[in-house]
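Two complexes follow with chain A in common, the first pairing it with chain B and the second with chain C.
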Partner chain A sequence: MHNSEGVLSGTALIAGWAGSITCTAIGLKKTDTNKIVRTALISSAFFLASLVNIRIGPSSTHLSLLAPVGLILGWSAFPAMLIALFLQAILFHFGGLLVLGANTFIMGLPALIVYIIFGKMIRSENKIFSGVMAFIAGSLAIIMAACLAGVFLGISDRNFIEAAKLLFYAHIPLALIEGAVTSFMIMFLRKTAPEFLS
Partner chain B sequence: MTARIFTELMLIFSLFSFSYAHRYFSLKAIAFVKALAALVCVCSPSYVHAHSSRHFSLKAIAIFLALVILVSLCSVSYAHGTGYRHSSLRAIALEFSYSTGEAMSYREARVYSPSDEKFAAQSGRTDEYGRFAFVPNVKGEWRVIVRDEEGHQCEAKINITDEFLSGNQNLTVQADSVNDSGNDSGNEIFIRALLGVSVIFNIALVIRRRHNAQQ
Partner chain C sequence: MNIEAITESRSHSDISPEVLLSCSVIYALAVSLSDSIYALALASVIPLLLVITKKLNLSLLVKLNAFNLIMIITIALTWPDFNGGLTKGIVIALRVNMIYIFFAVMIYPLGYAKIFAAMNSLNIPEKLRVLFLLTLRGIFIMHERYSCALISLKLRAKNLHGLMKLRAFAYITCSVLLQSSERSERMLQAVQCRGGFSGFIQTGHKAMSPYDVIMCVCFAVYAIAIIILNYA
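Showing the complex of A and B:
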């Protein structure tokens, strides 16, 4: 999911930074300072999730927890992800500093969209419905992020369109895994810490 | 008259050759060159006829030459086929693995020859079992570097001798040194992860303190 440094064109980098700065500014404005520790906790989980490698065939990928971050933090997902991705870039060399804007936008936008669509549904009284919706949210966030990454690659160079298609297919198993993880996390939080979903 | 027949024969021949050109050139480029060739072929006989009924003018000869070159280019491209034969050269096969014993399967591999240490002489990927093979053609120290996406890197150095190249030396060539120079060992990853989490919580703490101070 992380685009590497030097892959995206100037236009794509500028577009990524413009999108992520705007959304981060809105996110900071909407962040409740009283819930800042919760934001830090989820941001840390997102930061650490990248270290959990999942082997898919010849390649390997890692957890991203896009949907849980979006569903729990809402608009605050953008600043939380920006900081986590920045630390991933400097500590683990995932992505890069120039491409940080694009990466934040690619991961932040799906998180925000699933929050808008599924935010209320996962708080439903019906546990099964809530779990299923969380699964769909988790899978959809990954699919959207893969599509968005493909769009950025397509903007950069038309030759990357084939690579973007491969990227999309490679993320389908991860989407299912993320769906299951999101569903489990939401169900667990509903039981143990419902205030996280408030 | 001879000039006209010659030019028209050239036109037919060139258009026929261009019909194979789509394999090697873009369609737009072919359409442009075809149109140009047709225009030249149609116009040049009347030009030749008007200016010199007995001899080719210089311009006409130049045009014919250009056409011949174009046609021959297409013909050369068409003749560029493929083939294979069994190579009697000796290959060196290496197996790469992590310290845990797990094979470095499907990882990027680069081979550096002794003559050029900066640019890889060959690149590719290891197979499912972490194996990679290459065929050295000069003596000296060859390096094979295999790295993964997480920063682990394994470098093998193989000393190739004249005897090995000539096939007289019946020895098993082994990697002289295989170094796992991955910069992220387990402990380092743990420390970095801890540092990252600490930074995130410190940022949160600073924001909270400021907020409280403002209130």
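Showing the complex of A and C:
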């Protein structure tokens, strides 16, 4: 889902930066100073998750934890992702500095949307319902991120639309994996540290 | 975090990190906007000079170009016209290489301390800078625990598959998060004892040196020349 440097057009870059600066500013305003350490920890977890490779048949993928970040942090997910993606660009050369705005928006917006839709549902008394909702949230976040990446490619050049479709299909197995991981994570946090979801 | 590196005095021959960061972003922007072969030829002058004069990690460049090759093939096969797609893919691969070489020489070797100093000088909001420092600290703490947990998982259960494997990853992530959370609460209390986050960052703003000004002017002219050549 990381757009690489040199792929996006000027319009897409400006749109990405405008969206991510606005959302990060709102996120920073809504981040309580006492919660800043927790935000940093989740940001670190998001960063580290990208280093864990999971084998799927002959290929392998890495976790992105978009939905857990959104469900735990809400609006603060934007600054957390901006910092994590910045560090990924500097340390591992994933993505880049110029496309940081677009990449933050691509990953931050789905996290925020799943928080708005599923935030209350995963705190339901019914454990099974909560687990199922967490699964849907995890899968939906990846699908939305893949769609947004496609939109940015489409803004850059309409001829990229076929490549964007391919990108979308490639993310379907990852969406299922992320859904399962999100569901397990939410169930674990509900049992051991419900204050994380409050 | 190397605190000495933040507070060290800058020699006259050094370019300040915020200027390097700004010039790199301006260069990357000019390259990203370029499609014409002449503009790209002009833009490739500095990366070529950097390749000749500086030592580059060639293995990373090879990996990058292996990815570029897949990208070129994908674009060529999905583009309405194969030759058009191939050209577009090659242009993008050229841009990616130029920007990567530039960043690899100018930005990536700076280190956290100088990048943090650059964030300071560029007036990035304090909350974001604190978040950057704490995230970096969190990565160092969590990475150690995460690696131990993954090694332990490999030793205990070599042949984990399917949902069990995903559940193990999810539980490890949550466990590490909770262990680090306890430590972070103590970190927060320590910060509050020292007077909170206001004044958490004490590095001062440095004035631009003549070298910085010359660098900025040169890069602005270079970027404008690339853009003009692109649209000419």
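The rule is short, and it goes like this: the second predicted complex is superposed on the first by the 191 of 198 C-alpha atoms of A that agree within 3 Å, B and C clash if a C-alpha of one lies under 4 Å from a C-alpha of the other, contacts with A are read in each partner's own complex, and residues count from 1 in each chain.
In this text, contacts are C-beta pairs under 8 Å (C-beta built on N, C-alpha and C of every residue); 3 or more make two chains touch, one makes a residue touch a chain.
Keep in mind it's a predicted model, so treat the numbers as computed, not measured.
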Report clash or fit for the pair chain B and chain C bound to chain A in the combined superposed model. clash
A:84 in the overlay: touching chain B, chain C, both, or neither? Say first, second, both or neither. both
Considering only touches as defined above, state whether A:43 meets chain B (first), chain C (second), both or neither. both
Identify the partner contact of A:198: answer first if only chain B is touched, second if only chain C is, both if each is, neither if none is. neither
Between chain B (first) and chain C (second), which does A:6 come into contact with in this model arrangement: first, second, both, or neither? second
Compare chain B and chain C by how many residues of chain A each one touches, and report the one with more. C
Is A:93 contacted by the first partner chain B, the second partner chain C, both or neither? both
Please pick the stretch of chain C from 4-12, 22-30, 94-102 or 130-138 that overlaps chain B when the two structures are superposed. 130-138
Overlap of the chain B and chain C footprints on chain A, listed as residue numbers: 33-34, 36-37, 39-40, 43-44, 47-48, 83-84, 87, 93
In their shared complex, at which residues does chain C touch chain A? 21, 24-25, 28-29, 31-33, 60, 64, 67, 71, 74-75, 78-80, 84-85, 88, 92, 94-96, 98-100, 103-104, 107-108, 115, 125, 127-128, 130-132, 134-139, 141-143, 146, 150, 163, 165-167, 169-171, 173-174, 176-178, 180-181, 184-185, 187-188, 196-197
Give the list of chain A residues in touch with chain C in this complex. 4-10, 13, 24, 28, 31, 33-34, 36-45, 47-49, 52, 54, 63, 65, 79-80, 82-84, 86-87, 90, 93, 96-98, 157, 159-160, 162-163, 165-166, 177, 180-182, 184-185, 188-189, 192-193, 196
So in the complex, the part of chain A that touches chain B is made up of which residues? 33-34, 36-37, 39-40, 43-44, 47-48, 51, 53, 58-60, 83-84, 87-88, 91-93
Can you list the residues on chain B that touch chain A in the complex? 105-106, 128, 149-151, 184, 189, 192-193, 195-197, 199-201, 203-204, 207-208, 211
